[in-house]
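Naming follows writing order (A, B, C and D), and every chain is counted from residue 1.
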Amino acid sequence: MSDPTPRQHPPYADHRAPWRRSLGHLIFGLNSPAARLYDKVLIVLIVASVLAVMLESLPGLPLATRNILRWVEWAFTILFTLDYVGRLLGARRPLKYARSFYGVVDLLTILPSYLSLLFPGSQYLLIIRALRLLRMFRVFKLARYTDQATLLGEALTASRERITVFFMSVLSLVIVFGTLLYLIEGPENGFTSIPNSIYWAIVTVTTVGYGDISPQTGAGKFLASLAMLLGYAIIAVPTGIVTVGLQEAQAARQGRHCPQCGLNKHDADAHYCKRCGENLPG
Amino acid sequence: MSDPTPRQHPPYADHRAPWRRSLGHLIFGLNSPAARLYDKVLIVLIVASVLAVMLESLPGLPLATRNILRWVEWAFTILFTLDYVGRLLGARRPLKYARSFYGVVDLLTILPSYLSLLFPGSQYLLIIRALRLLRMFRVFKLARYTDQATLLGEALTASRERITVFFMSVLSLVIVFGTLLYLIEGPENGFTSIPNSIYWAIVTVTTVGYGDISPQTGAGKFLASLAMLLGYAIIAVPTGIVTVGLQEAQAARQGRHCPQCGLNKHDADAHYCKRCGENLPG
Amino acid sequence: MSDPTPRQHPPYADHRAPWRRSLGHLIFGLNSPAARLYDKVLIVLIVASVLAVMLESLPGLPLATRNILRWVEWAFTILFTLDYVGRLLGARRPLKYARSFYGVVDLLTILPSYLSLLFPGSQYLLIIRALRLLRMFRVFKLARYTDQATLLGEALTASRERITVFFMSVLSLVIVFGTLLYLIEGPENGFTSIPNSIYWAIVTVTTVGYGDISPQTGAGKFLASLAMLLGYAIIAVPTGIVTVGLQEAQAARQGRHCPQCGLNKHDADAHYCKRCGENLPG
Amino acid sequence: MSDPTPRQHPPYADHRAPWRRSLGHLIFGLNSPAARLYDKVLIVLIVASVLAVMLESLPGLPLATRNILRWVEWAFTILFTLDYVGRLLGARRPLKYARSFYGVVDLLTILPSYLSLLFPGSQYLLIIRALRLLRMFRVFKLARYTDQATLLGEALTASRERITVFFMSVLSLVIVFGTLLYLIEGPENGFTSIPNSIYWAIVTVTTVGYGDISPQTGAGKFLASLAMLLGYAIIAVPTGIVTVGLQEAQAARQGRHCPQCGLNKHDADAHYCKRCGENLPG
């Protein structure tokens, strides 16, 4: 996700031709109006192409619409190919871009259409075509929300270990409850195997509750009730974790230090220390 | 939602006759006992008319009840027409009211009954009749809860960007999981198209879990379990966002006022104004 | 729920005989070991009687068990009658107890058995018998948890208005979505009336999701998805409200005031002001 | 869960032979690279054996796979037997280990295979085999996450009483709603007994919502809607409890240390010890 075109303190000389440099600023840039416009147009195209893939999957679509969708698909493929070539030319280090997460995604999402020329009518291409959805993650690049997304990311990263402990507890719980209900209810009540019973336990503990498998015996219902109440209560744990993590991430950000009294929880817009009245730096 | 009769600092002269001015104070006012009573009576009438619309939709209702409901409907229509005319006469700027959100709603909710005289027995009128439910939002005008509703609104507004990031993440998640399960399960297991599979993914990730569509294959159940656990965990994120937002909105409110620069978001334990350094009172 | 036997500052003379006074201390008391034992025994009896009522409702119970349960029921009735008479005799003001919430509950829960002697075999007695469950609320009297229950009660009371605003918003939401889906899906897809559609909307927005009614059309599924995402997100609001309310209730409790610098957020176990070092009172 | 081999301040002499001491350090140790490797290998083996038990429960497994799984099972049994013998030999006090929670679990999880030699083909052995899942709890021993798991444990322990009050409220609620719907809907609509109706109430209040039992009458649907809205709102309570508990547990940890009296729960911005008034360092 790192931008392959660093603009400050280049660690080595930039040998790109001026037009390639301009192209790079247009495609990878974040600050100029043209670069912002390029990003917005690209996201509109991505959303449109995702909608086209969805539309194509609808059963009973008339042949005329299918033909139009095929042309639309080729139009998107050509536009995204131009974007890919532009990125290769505009990047300061084309190889680094090609190997990055978005570089691989960009290539994978234009390949399916070209492959369909070589191997027509293949069932498997449907799966490759779905890869185009990966482009959607580019939406997060939108400059406007980047800061808040980063804050949320920091909160989740800071809570990483606690969230792992929580998930390990939930996994233990669903394995134990799944196995118990497999032994109590058995295959005749829909609990056909331990993996299937664990699937039931996940459906229950997360409070999804499809109802395709549900306990029939008294003992099974009693244990299922326990699992539900536990699942209902432990949702409180990740919530507490994220809330505290978010408070900390925000406090860490707002934190500015008073050079006189040392108090370090000043608001971002404070000019003077709220305790000793000292002028705050920064 | 802005009140069309501002009572302080009128930017232009008020040419209403005294009786229209009194009418305006009665209907739009918030402070006099008569105005409060008018609001309460109106809300009781709105709730009663909403209940009547609901009752009318019950199948197998005897003809006598239907006839009574028709008369009740006309009674409400006449009362709400009088209220609408009163608002037009009492407003300082009738046209501004007529174009405001509540002005349009008030007109739309009395039109259906009059239209039914011209075009009897139309199926489409049912839809227009449902517009009366819009009146219900007037309930929020009740002075008593306004302050708390405003605080909640401030908390949600302050968290607007984070909530958008959260919803974009959930949307990406359901599109990816929906597409994956469409490819794995296919139309024979109820996943008839990508939009339908995304509907399933939303039903699953939000832990609603109707069970009208549910995975049948092992791989589908495994991926669905992942989606459930993710959905179960990410509910923690909006909760953390709103909790932190609410704490901030409340802290901002409780904050004290600086007599020199007027900044009013000081912490409860601050001694000096964080912007101008003035000693804070209290 | 107020204790009818105040032990401090009696506003009027206590004319009870010494044995009635001892009985009152035993039954209504909270501090002596005997009174605590009495409370615990009573709660065990209440739980046992509730379990007996549940057991009795099981279909296909053998006649012998039914007969035993009848005797058990009479044993509980006699024990609870003794408790009721004891409370009347031991209370400082018997009439005040008899009219209090628990006094009425105590009477209502012993009446059904005596009434069954006069009107045998009545179907309606089943409903009166269920009243015995009301006793269960006495469990909250357990001295051990009283303090934490009070804190939770304070937090909820302080958030009363916000919770009302939240519930009014949810109600508006389910009425609007229920009506919309009634118009879109119609009786042929299970949305038989507006009240029934509102029931569906509540089942959906609260993420219960029985699946007995679910949208079949594309437009219905789209609107239902919106309702689910909204319901999924707005659960964050009451959580934020209660969390902030609980923090405030706890802070208000721990709050102690420094006589020198005025800081009032000292912990309950603080002896000195954490800012100026002044000795804290109390 | 206490480590049976304390390494600091041994209260009595250690009479183990040097090789048994080394074995103890390898198996029970937490700090040496060899001990960490031993723990990791053991956890991989446990996860693999749990997966094998799950795989074995799949219906329609070919005979060849079943035979392989039988050999794999014996391999795991021998490895876990060696681990058990090693623990007995390496523990400073073998008897204390054998009686501890993990000692009993370790014995119980190797017994089933040996018992199957004496009593072949028994259905009941399946239940004993499931005990192997208990080993999974050893995963929590992983040094890396111990600290965060302890913090979560502290938060939950500190909130113990509030959580109990919450669960007692939920239990009262489901008993009352279960009984009410049993009386309203009756056995003909699936509410066959009070325990079964309470099961329905738990499924509803926890928002699981299987849909195997759901109200059919108008009054039943109205009461069920109330139960859903209550269940939807009260999930906010445990969340608030855990969030506040987690904040407190973390604040208690981050708190600084008083050099005079040793109290360590000072706020980050405290200048003086709140108990003894000593000037705090840092």
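Heads up, the rule we're going with is that a contact is a pair of C-beta atoms (placed from the backbone, for glycine too) under 8 Å apart; a residue touches a chain by one contact, two chains touch by 3 or more.
What you see is a predicted model; the values in this text were computed from it and never measured.
When the interfaces A-C and B-C are ranked by how many C-beta pairs touch across them, B-C comes first. At the chain A-chain D interface, residue numbers used by both copies make up under half of all numbers present, so the two copies contact each other through mostly different positions.
Taking the CA centroid of chain C as reference, the farthest chain centroid is that of A.
The distance from the centre of chain C to the centre of chain D, with each centre set as the mean of the Cα atoms, comes to 30 Å.
If you average the Cα atoms of chain A and of chain C, the two centres end up 42 Å apart.
Between the Cα centres of chain B and chain C there is a gap of 31 Å.
Within chain A, contacts with two or more other chains are made by residues 166, 195, 198, 207-211, 235, 239, 241, 243, 247. Only residues 207-211, 239, 243 of chain B touch chain D when the two sit together in their complex.
Against chain D, in their complex, chain A makes its touches with residues 161-162, 164-166, 168, 172, 175-176, 179-180, 182-183, 187, 192-195, 198, 204, 207-211, 214, 218, 221-222, 224-225, 228-229, 231-233, 235-237, 239-241, 243-244, 247, 263, 265. Per the touch definition, chain B reaches chain C in the complex via residues 50, 53-54, 57-59, 126-127, 130, 133, 136-137, 139-140, 144-145, 147-149, 151-152, 155-156, 163, 166-167, 170, 195-196, 198-199, 202-203, 205-212, 235, 238-239, 241-243, 245-247, 250, 268-269.
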